[in-house]
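This structure is in structure tokens; I'll ask about it shortly.
Labels run A, B, C and D following the written order; every chain starts at residue 1.
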Amino acid sequence: MDKFHLISPLDFRYMRSDLADKAIAYLSEEAKIKHEIEVEVAYVRALSYFGICKKELYKEIQKAGKKITAELICDEESKTGHETKALVNVLSTNVSSEAKKFIHLGLTSCDVLDTANALRFKRYTEKVLLPEAKSLEKLLIKLAIQNKKTFQIGRTHGQHAEPITFGFFLAQYVSRLGQRILAIENASSNLKGKISGAVGAYNALSLFCNDPLKLEAKTLSYLGLKPSESSTQILPREYFADLVHALLSTLGVIANLADDMRHLQRSEIGEVAEHFGSTQVGSSAMPHKRNPITFENIKSIWKAFSPRILTVYMDQISEHQRDLTNSASERFLPEMLFACTYAIRQMRKALEKLYVDEKAMLNNLSKSSQKTISEALYVLLALQGLENAHEHVRRIAFNLQKGSLIDAALKDKELLPYIKKIPQAKLKYLQNPKNYLGLAEKKTERICKNWEKILGF
Amino acid sequence: MDKFHLISPLDFRYMRSDLADKAIAYLSEEAKIKHEIEVEVAYVRALSYFGICKKELYKEIQKAGKKITAELICDEESKTGHETKALVNVLSTNVSSEAKKFIHLGLTSCDVLDTANALRFKRYTEKVLLPEAKSLEKLLIKLAIQNKKTFQIGRTHGQHAEPITFGFFLAQYVSRLGQRILAIENASSNLKGKISGAVGAYNALSLFCNDPLKLEAKTLSYLGLKPSESSTQILPREYFADLVHALLSTLGVIANLADDMRHLQRSEIGEVAEHFGSTQVGSSAMPHKRNPITFENIKSIWKAFSPRILTVYMDQISEHQRDLTNSASERFLPEMLFACTYAIRQMRKALEKLYVDEKAMLNNLSKSSQKTISEALYVLLALQGLENAHEHVRRIAFNLQKGSLIDAALKDKELLPYIKKIPQAKLKYLQNPKNYLGLAEKKTERICKNWEKILGF
Amino acid sequence: MDKFHLISPLDFRYMRSDLADKAIAYLSEEAKIKHEIEVEVAYVRALSYFGICKKELYKEIQKAGKKITAELICDEESKTGHETKALVNVLSTNVSSEAKKFIHLGLTSCDVLDTANALRFKRYTEKVLLPEAKSLEKLLIKLAIQNKKTFQIGRTHGQHAEPITFGFFLAQYVSRLGQRILAIENASSNLKGKISGAVGAYNALSLFCNDPLKLEAKTLSYLGLKPSESSTQILPREYFADLVHALLSTLGVIANLADDMRHLQRSEIGEVAEHFGSTQVGSSAMPHKRNPITFENIKSIWKAFSPRILTVYMDQISEHQRDLTNSASERFLPEMLFACTYAIRQMRKALEKLYVDEKAMLNNLSKSSQKTISEALYVLLALQGLENAHEHVRRIAFNLQKGSLIDAALKDKELLPYIKKIPQAKLKYLQNPKNYLGLAEKKTERICKNWEKILGF
Amino acid sequence: MDKFHLISPLDFRYMRSDLADKAIAYLSEEAKIKHEIEVEVAYVRALSYFGICKKELYKEIQKAGKKITAELICDEESKTGHETKALVNVLSTNVSSEAKKFIHLGLTSCDVLDTANALRFKRYTEKVLLPEAKSLEKLLIKLAIQNKKTFQIGRTHGQHAEPITFGFFLAQYVSRLGQRILAIENASSNLKGKISGAVGAYNALSLFCNDPLKLEAKTLSYLGLKPSESSTQILPREYFADLVHALLSTLGVIANLADDMRHLQRSEIGEVAEHFGSTQVGSSAMPHKRNPITFENIKSIWKAFSPRILTVYMDQISEHQRDLTNSASERFLPEMLFACTYAIRQMRKALEKLYVDEKAMLNNLSKSSQKTISEALYVLLALQGLENAHEHVRRIAFNLQKGSLIDAALKDKELLPYIKKIPQAKLKYLQNPKNYLGLAEKKTERICKNWEKILGF
């Protein structure tokens, strides 16, 4: 297969990163088959545990399973037109007659498919995605602490509002990403398996097993899974829907950070910059360009994947004991797991070499210094008893052309007596916006410590 | 306002139910204002608790708040062009000068808006939506238990598969809805408030309060809320996103049940029927029609609302300390809460009078009785040592024109010796599909008991 | 009905504008009923045209129809549980026995419902939405022409790129909006009706009419509609889907413009500003704030409505001759028509009073003047025969700390000979970015003239 | 590259069909590069046409372009981090110094990328997708004509309604698919290119060309494209959005047909069946199963792709002269083109071997024959002057337990005199539902002929 013949940008372009091996181990077609074999083997092992077949048989099947390649199964599928039957056939060819009869005995394809998917999604999430997310979280904490005192103007509606620190800005993301990590952990650890047969009522298993519920639980315990309380031919789809929601809402947080960074990198703002290699080209037209391409790429991944939650919602609906209209749509689930990991990884790489321009931040802050203390002024005046202090200050700020807000306020006869009453200790807030920082630093530390503790950093 | 001038079908058509009063109390514009006033009052109460203002003032403001109507605020908003400032102005007009200065002191609009929304969504969820959902769950349990022995053919791909009971079919929904109820409870109880000022750094609060974090916590505690660990001008949107996901994934479960019922009501299947009043008309063309209109309506509500998760995902992204591009989009959140409740209520009403035709179920089951035991046959043959038992039986079933599968199998020379080896005790499974029920009944009881216990029925 | 009891923000908040009357006339529940009556009357008129009933009867029914209120039908619906039957009953009550028998004779509800919806959506689009869109287009043309020479820095990736004019920036939207207006016109004029009975095969109509296709065409011709080539019980949903796509893709263009304006209004950029009334409040916390709230509102409307295309796509699917799972979802279509109009109107209002700061534009342009000519430099050097001119210039621009790009290039020994070869006439492009404008002005004029001509301004 | 290491189901699973070669030729990474080279060559050809460079140079570059492999460019991209610059570099290495300087001279990457995408999407649509769609349309016409007299019961709400023919049922899809084919043709032929430079104002091109608009038009004319009226750094995204809407609304029509077929294949209905190969396995549990897997697969493709319209809508928004947040998301556009073709192909394959069970259709029709004439009865009674004929018949049908509707009506004293008045010639409609077919056959022929003519079959 020529990789340039691929039409999926995921496999061609985004899989080139060092994530590729890990992703292939859980999310590829090969991985799917390997996990299915693992389920088939665990099932026979459970059969042997309950004395339904001999212990040697499960060992024999396990051994055979290790030799089976995806290609063999693919060839067989072209005959049967049924992927699970193909797997069962290939597995059967490689074992004794006695073993053969217990492979997949009484199971339906979805016992294997759904359980294998739950298994590999859980493993991938725990072994690849979550470590990546935690690695990003750690970096965010580091950057937040480093910049806990780095002055920055807070912005609302794109307008200068009130001073914060760059660390405080980042701490917001420490908290939001931290909470999403817990949400992903919850959803992942809640993935369940099923070994309940063609309509979920254990009909066939009851033919040779006294307690099929124990057989199901035992099989799944070998895989580190628990049985779903209910199932039909398939697992209820809420398990997957919850995981995808956790992933996409995480992607939303990452995309928000990417947008923030993009705008902080605007030519006129210039507070941060994405690192550019010395041979890297920003534009084929304009040699001077250095663009926030990684942040743009992250936002774009969000655009590509967030709508896919609708596919997952549609797949919740499966008529009666199942209707298979999820046959194609759910095959795209691994793409969602990978895309989320990829975006997290891209964000970490962009932040690792992020250029933070403290001077530019200070410069931007100072540009609005005369206006950004308007809140402090109105609050202090109100506390001195000035009625409608907000309206007074709004009017002065609205008409202010140049000069300082305080000077304009001092020229206002109505305000003057109240300004004079403001306690000496409070005047510093009006004199310099740097003093008007509230708990920016303290909150930054608090949030970072909390997540270091929760995540065991 | 003439109700026939409305363009929203929610307000005009779906609000006519007995849910209207409850919905209005939490989800209407009036409710929004009432909850905002409650937040403003709680804030002054907290100020008084910390000695920043006198206790009488909070009582005075509380009293004033009770007199304020939505109309007054609406009129004021037409002047200020700012809804929260309008509220503050109207509230201020009704109190003493001393009280006036503490109203909203140092707050930003979103401290009030976001907290009030969290508050009313939480209350609505707990007091209206969850009781409705539990009431439906109770009914589902009752129906499942009633029908735990009612034979039904299980269907996969719309094809007859293996026998289940109608109660077992319903038990799947008992389990899925039960789990969604817990998911909604989780998301709802995780809704948070914020009292952290214009950029989330408590800048203004720090002007007059030594520990703004305590002030925030105290204010919110009066409302039964906890503070978000981080905030900017606004709450992080994940709290709302989690709630909406819980609601929409619940709606997905309800829609799945509605689709199942619609198809069970098909003329050719006829296993259930929606109740029709004696004067109700099914079709303006065809006098004989009785349609599954409530189940259709539920599915349609799902179509109308599930895509709106995307709006919520988009609203997770708010540039820097907030960008207000959620100004219109989040005003539609109450519609989602109502729509979910409405669909749940509709389902309960449809199920309360559901006509279950046990005869039709048995009739449909018996139609495929000769084929549906094919699984039992192959498993039993495999256990007797027949190699490729599945393939043998598949071939016979594929070629079967009429007569019974067993008869055809008995005529097959290869199979005959193995059939004879099947233990006597197992033959009943092949003789009558009613015997091939697996754990349908047991599982029904188990699931129902579990949810009765969890939900305290 | 108390308007503060509404939960729909559309009816409560966004309908307050001067669009309300026009919207109510086509999109409200009352409008729906009025248009349905119009269809019923047109049908009897067609019956009379073909001599199936007497001419007086259609006049009688028409007269009766004018007296019927939405309230009467609503009351009747509470009995029949069927909205079209309710309408037929009420209409019947008000006419003679002879007239009664021809009302709705042989029709199915959807003949009336679907046709009435097509009719009112078409009228609303032509009489309200398109005039609004054209009015916005006219304003955009005016602004583009006014600013065809107003220098502005072009931005890609949020980075300064190359000079354009503000008029050229706007001309892009003149072209895009113009094309969307044509798309809406196409989709609207392609809305069709149907009078083909319960399953679309004209079964009942054939009982008393020799050529039901002519009866259908005649009925619809009275309404200014054409029949759909095919129908079942319902119209194929592609007609509506095309209209909604035209509307939402228009909304996307408007949202793009809103985002552009929001960012041009950033404190650091400050090239435009939304008008603020003298009593308007920007922030309840910060008296100095003037925010781009209208542009934010427009973007937010886009967020709220663009996902709803999925509902329309889902409603394309209706099992067999129809399944009614569009019963609730399609009732929200009028909301989409209104929301699109509202966003267009908001944009026009915001642009009418837009403050354009030419000085700030020039100032921003000049900030990057030394870099933005890098493209001109590389092209001119390449034309003089310098190999790898792009790479040469990229390296110089990358290392440039201060001073001009030209000065740095002149200091480069490799480049110097080529720079000297650049024809005198071309040097102006390197000396001043204002000269490096390409066809900005010419293209602006060309686009504007084209749309003035097409739309007949 | 190991194909089993792919995570994209499109490339691994769905590309295995005979569509693969055609898809690779337009939609793969290699195809992207080949089309980009074609644009670069066309540009130099246009330069030579206007005498800006010598004619030999374009031939030289064209020749060089033919030797370039995707791999070479991929390697170069790993250095430049910029895909278009990589292409320019590789192309430059293979030509003379003189040629080198004209390659990409004054262009921006998107001139090449966007134009190449428009080009290959247009070609793919015209050469692969539309022929497939027409091939399906032809088959639908054939099936419709074959079955124009095949009785079938029409169904609304899943309930038996009135008689139609299976051909009439199919004719609906002939009409809907036909109209979508025209919509795709429109959108495809409206795809445009751009050669307007870094911000769309032809800045650099103006350095060496007197009429850049002619240069643009000439370049594009070599590719069979026209220039977009306006562009920034990029093409307006409405061209792609319109194409994707045309594709997805086509997919919706196909999905509707797939759902209809799935339900017609239900065990209880059994009117059609998907062909099963003699070695094909329906279920790994139940040897007797033959499932509508192709129809399910088609519906599932629709679930997977319809939500992606939202990505396209989001990509309409690109800040200022472009923001590159479409960098990843638009790379998935080729997947949408392929998926739509794949679904169309699957539908054709399923229909080619569709088993139509005329007996079952007749049998289902006759089951409701006593009720389905209720409409005919009420219409005929109304025409004889019976008031409230619909209500009379509704009541009788509602209470009918067994026996015929006519017999029950005849027993009704009120109705009897009116029944007697029904003209002899009309009685056949009441006697046999087969007579109550309306224009089913005629309409089928009419629709089929119309599309044969339009599409030139």
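Throughout what follows, a contact is a pair of C-beta atoms (placed from the backbone, for glycine too) under 8 Å apart; a residue touches a chain by one contact, two chains touch by 3 or more.
Predicted model, so just to flag it, every value in this text is computed and none were measured.
A.B. asks: Under the over-half criterion for shared residue numbers, do copies chain A and chain B use the same patch or different patches to meet?
C.D. replies: same
A.B. asks: More C-beta contacts across B-D or across A-D?
C.D. replies: Between A-D and B-D, contacts are more numerous in A-D.
A.B. asks: When the centre of a chain is set as the mean of its C-alpha atoms, what distance in Å lies between chain A and chain D?
C.D. replies: Going by mean C-alpha positions, chain A sits 33 Å from chain D.
A.B. asks: Nearest whole angstrom, what separates the Cα centre of chain A from the Cα centre of chain B?
C.D. replies: That pair's centroid distance is 24 Å.
A.B. asks: By the touch rule stated above, which residues of chain C touch at least two different other chains?
C.D. replies: 85, 106, 155-158, 161-162, 197-198, 204, 262-263, 281-286, 291, 293, 296, 306-307, 309-310, 314, 323-324, 375, 390
A.B. asks: Which of line, ring, star, complete or other matches the graph of chains that touch?
C.D. replies: Contact pattern: complete, every chain touching every other.
A.B. asks: Across the complex, what residues on chain B touch chain D?
C.D. replies: 153, 155-162, 262-263, 265-269, 276, 278, 281-293, 296, 310, 364, 367-368, 371-372, 374-375, 377-378, 390-391, 393-394, 396-398, 400, 405
A.B. asks: For the complex, give me every residue of chain C touching chain D.
C.D. replies: The contact residues of chain C facing chain D are 85, 97, 100-101, 105-106, 154-158, 161-164, 168-169, 171-172, 174-176, 179-180, 183, 197-208, 212-213, 229-233, 236-238, 241-242, 245, 248-249, 252-253, 255-256, 259-260, 263-264, 306-307, 309-310, 313-314, 316-324, 375-376, 379-380, 382-383, 385-387, 389-390, 426, 429, 436-440, 443, 447, 450.
A.B. asks: Considering the complex alone, what residue numbers of chain D touch chain A?
C.D. replies: 1-15, 23-24, 27-30, 33, 69-71, 74, 79-82, 84-85, 88, 104, 106-109, 197-198, 204, 262, 277, 279-286, 291, 293, 296-297, 299-301, 303-304, 306-311, 314-315, 323-332, 334-335, 338
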